[in-house]
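The structure appears right after this line, and notes come after that.
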Amino acid sequence: MSEKVYSTSELMSCVMARHLKNGEVAVMGAVSMIPMAACRMAQLTHAPNLYYITGGSGAVNPYLEPMVPSSCDDELLRSDAALALPDVILLEGHGKRLDVFFGGGLQIDKYGNCNLICIGDWEKPALRGPGTVGLPFLPRAGRVVIYTMSHNAKTLIEKVDFNSGPGFLDGPESWSTKAKDLPGKGPALVVTPLCVMDFDEETKVMRLKSLHPGVTLEQVVENTGFQLVIPDEIPVTQEPTSIELEYLRKVDSAGIVRNM
Amino acid sequence: MSEKVYSTSELMSCVMARHLKNGEVAVMGAVSMIPMAACRMAQLTHAPNLYYITGGSGAVNPYLEPMVPSSCDDELLRSDAALALPDVILLEGHGKRLDVFFGGGLQIDKYGNCNLICIGDWEKPALRGPGTVGLPFLPRAGRVVIYTMSHNAKTLIEKVDFNSGPGFLDGPESWSTKAKDLPGKGPALVVTPLCVMDFDEETKVMRLKSLHPGVTLEQVVENTGFQLVIPDEIPVTQEPTSIELEYLRKVDSAGIVRNM
Amino acid sequence: MERTSKVISISEAIQRFVGDTCASLAIGGMHMHNNPMALIREVIRQQKKIKRLITSPSGSINADLLIGSGLVSEVLTSYVGLEHLGLAPNFRRGVEKKTINLLECDEPFLVYGLQAGAGGLPFIPYPAGLELTDIPRVNPELYRYTTDPYTGKQVMTAAPIKPEVALIHCQEADPFGNAIFKGSEFTDRQMIFAADTVILQVEKVVPNLAEKYGSTKVNVPGFLVSAVVEAPFGCHPTSSHGYYTYDEGHLKGYLKACKDTESYSEYFKQYVTGIAEENYSQQIGAEQLEKLRQGGGVK
Amino acid sequence: MERTSKVISISEAIQRFVGDTCASLAIGGMHMHNNPMALIREVIRQQKKIKRLITSPSGSINADLLIGSGLVSEVLTSYVGLEHLGLAPNFRRGVEKKTINLLECDEPFLVYGLQAGAGGLPFIPYPAGLELTDIPRVNPELYRYTTDPYTGKQVMTAAPIKPEVALIHCQEADPFGNAIFKGSEFTDRQMIFAADTVILQVEKVVPNLAEKYGSTKVNVPGFLVSAVVEAPFGCHPTSSHGYYTYDEGHLKGYLKACKDTESYSEYFKQYVTGIAEENYSQQIGAEQLEKLRQGGGVK
């Protein structure tokens, strides 16, 4: 294996950027450096009409370069427009405004449910998390892109201890019962430092989509706390192209994503 | 009777201004030149800490001089602050933000209910009015100051054909039943070209408070479509002082109020 | 790749984004200010039928002209009038003669309803006391009641409002639909957030809008806007906050013209159906427009 | 007569407007931005007990410091953390060890609740789908259900939030409390509209604020504000949008200090209880503050 000219977090940014379509609207919350960079990069490459809103700042299409880590930074207000937070909440509640919602959690389960609340019982948590902020809107977002920097069997688990960001709930049956009239189509993509995953159409269980260069299937299986759907053919995640890297580094000149 | 050095509408403005206390917050809607001038004048004389909001413009404390007729004019935005209309609606709904709400109507009845909707039956109106806008908030305003340029028996009537701005409803009993938990104290003052009125504490019926200079009791009784409460002593409305007139004309240099 | 401009001509905007029968059309502006008259006149020229017209809490000539055109079936409004200039003649006639169906409401209904429509909320419950008017009685379809789960009391509710199309005037927009209100927003921004499709008319398309004003002043995000139409003086005879004041003489002339069918159809021919929107300014005259531009505050 | 200035000293503001036991205290700012730290430190110095602390949708050191002071009984919040810098140690410990009572909620609960509190609305019903989390299960007092009178469906509701006192940072205010947010408003303006009493800390009192920025930028009306306190760099170690960026080194130091009781009480002595607020800037040092002023965007 040759020395990589990009970091894993940069690869993750590229994967997310490719997932975004021209003309879509995306939104993200706290600690979203990778999705932020992905959105801006997508704008500069294949999706010039993409819109994105960076969380609590209310900034619409921040110019980013150079990007900053905090989702509420005033640097983000160098942007096309800026909304007061209650207006962002209107957009999130509407159900047809946002195509992509970036989510994550302390725990993410096989149905794509996310947990930002606690590990263990809520009454007596082994670990108290920060809280869920806007994740409950997930069932009203066009589709959900989940990401985590911790691909391990404690993070990717069978069932979240606390559901604070609904994915496919308890699976196909509960999803089709409880979410049938909702605008959201559920989780669509999961991006980790090891691989890319999507969801099996029938079982709604997370499915391996591609392995990052140099990562083995065994590594992924070992580090995943539930039984992933493994397709017959598993491609390798496409490496960042030189154009992608050029734009990503233009956006992330400070190396915030690169060095995560 | 000597030639008056002020117009009736100027006198009305002075009466309203005197009613406003230092530190209060007042709000008004469309066609509110007289209350607007009253508020600004009050600020310049005895009530420098008065706040007032001019309807749809959302302007807080417009400097006015020179004033303009429309309640939504951009001239009003030469002001201390300006709110989006939905914020004004929050203030009106809150119940403890606004001390004085200026109201009026095509019809005003003896209990101070106002009607901006129609004369006659709603289904087949003899006259269709413009609509009620924000008058339904009256029961949540600290107190209501009603004014009209038409003191006649068609405007001041026994019972409004349509209640679109609640006063004391059907009188003391219905008021104490239906409004007992509401923040508003109901109508407090009525100012017309002929006189000033308030409301009898017991019966909640409109009561003559003072006659404008040169106006007789008979004139008022004749031009009022219900039986007013007439107290034993009826003072004459105090004429504008020279200081009041000086400030009123500073505010209304274009003579908009003066020539109404 | 390049960003796609949303700037198109006024006739194309109405053709493409307003159906021949529009289920519900919200029109921005309040009293004689910020009325999107250029778009409204074009709707009339193209004879788009409007099943339900939705005004701001205070509609003006924007609603009255549309009603006068005979294209409107019903109106959801809390006021249509010309403020200190008098009643709105076509609205008044339409309601009195029952040629239009009136959905009577109050100002908070429109504000709450648009808020609910914008935010996916099922309804908004009213503060106590607003149920004391006679309005809910004449509009039982839209005014309803439910239980406050915290007190057990009955509360009145406003239904969500989700206009199919909103016609809105902003002073300036960038080519991608990000836009500003220089002066008051009224309920126009709420209409933008609640509507399925938004057509903006602006005085001016400004490429670097956020740089000019700061992004926090640019509070209309472009993704909510389907088309941007540049229409200088497009609010005439109403004002455009920060650009020009309203034309009181013209408005009085309009009120006079509404007194009989003949003079009204003359007004229509002269300012609406008889000319293309591009020629409207000319019809008013450069000198008069310049005079209006001198008026108005907050430049 | 002259208008009465609302500008008073920080100690007087907290003395006069925060009771010895405050039923509910809302604190502005989101993540490491616009936290009204000067006011919060003074609340701690004056040992005001807080029955219920209410954060923005993303509380930060503002909440964590108060919780760490031991003055807080319960917290209504959807997040307390230090974003990319890590978890909030005192919040985490307080919840894990049950020294504080947690009213778990989500971001929309806070936004809807403040909206309801500000507007006299009895509650706000949620859009469908948000009842699918486990949150309503652990907070049945505040999350309830009622009937949508338009569809007959059950809908979840957010209770109104009416803080007794709100501590808010604005960049600038005039002496009468009219104020601006130079950058993001977060939910601070909603807190101002919902609270019974508002204490503003500002970087600067500016006599002719509306002239400087235009009145539409001045969207905090003075009559909602009880006191204005001038506290330059009063958000430190968080940012003040448009004035200075946050102090990452200091925040990391805080996190480290929270690891044991001794170093935390040392932090407390050094920056909070051991000094008057007037001496805080000096404690940080002019050079460091100047460096932070150089950072941050949108000047």
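Going by the order they are written in, the chains are A, B, C and D; count residues from 1 in each one.
Basically, contacts are C-beta pairs under 8 Å (C-beta built on N, C-alpha and C of every residue); 3 or more make two chains touch, one makes a residue touch a chain.
Everything numeric in this text was worked out from a predicted model, so none of it was measured.
Colleague: Which chain pair shares more contacting C-beta pairs: A-D, or B-D?
Modeller: Looking at contacts between chains, A-D has the larger number.
Colleague: Using CA atom averages as chain centres, what separation in Å is found between chain C and chain D?
Modeller: Those two chain centres are 37 Å apart.
Colleague: Measuring from the mean C-alpha position of chain A to the mean C-alpha position of chain D, what distance in angstrom results?
Modeller: Computed value for the inter-centroid distance: 28 Å.
Colleague: So how far apart, in whole Å, are chain A and chain B when each is placed at the average of its C-alpha atoms?
Modeller: 57
Colleague: For chain B and chain D, what's the span in angstrom between their mean Cα positions?
Modeller: Between these chains, centre-to-centre, one finds 39 Å.
Colleague: Mind pulling the residue numbers of chain C that touch at least two other chains?
Modeller: 115, 119-121, 127-128, 182-184, 214-216, 298
Colleague: Two or more other chains in contact with one residue: find those residues in chain B.
Modeller: Residue numbers touching two or more other chains: 59, 77-78, 82, 84, 89, 93-95, 140, 183.
Colleague: How do the chains pair up in terms of touching? List each pair.
Modeller: Result for touching pairs of chains: A-C, A-D, B-C, B-D, C-D.
Colleague: Give every residue of chain C touching chain B within the complex, in rising order.
Modeller: 30-33, 56-58, 77-81, 83-84, 87-88, 91-92, 95-96, 104, 106-108, 111-112, 115, 127-130, 132-135, 138, 182-187, 189-190, 239, 241-242, 245-246, 296-298
Colleague: Contact residues on chain A for chain C in the complex?
Modeller: 22, 25, 45-49, 51, 53, 59-60, 77-84, 87, 89-91, 93-95, 97, 140, 183
Colleague: If you look only at chain A, which of its residues touch chain D in the complex?
Modeller: Chain A residues touching chain D: 30-31, 33, 56-59, 69-78, 82, 84-86, 89, 92-95, 116-117, 122, 125, 127-137, 139-140, 162-166, 169, 178-179, 181-184.
Colleague: If we count contacts the way the header does, which residues on chain C are in touch with chain D in the complex?
Modeller: Contacts found on chain C: 119-128, 144-151, 153, 155, 157, 159-160, 181-184, 214-217, 298.
Colleague: Please name which positions on chain D make contact with chain B in the complex.
Modeller: Residue positions touching the partner: 1-4, 115, 118-121, 174, 176, 178, 193, 209-210, 214-216, 218-224.
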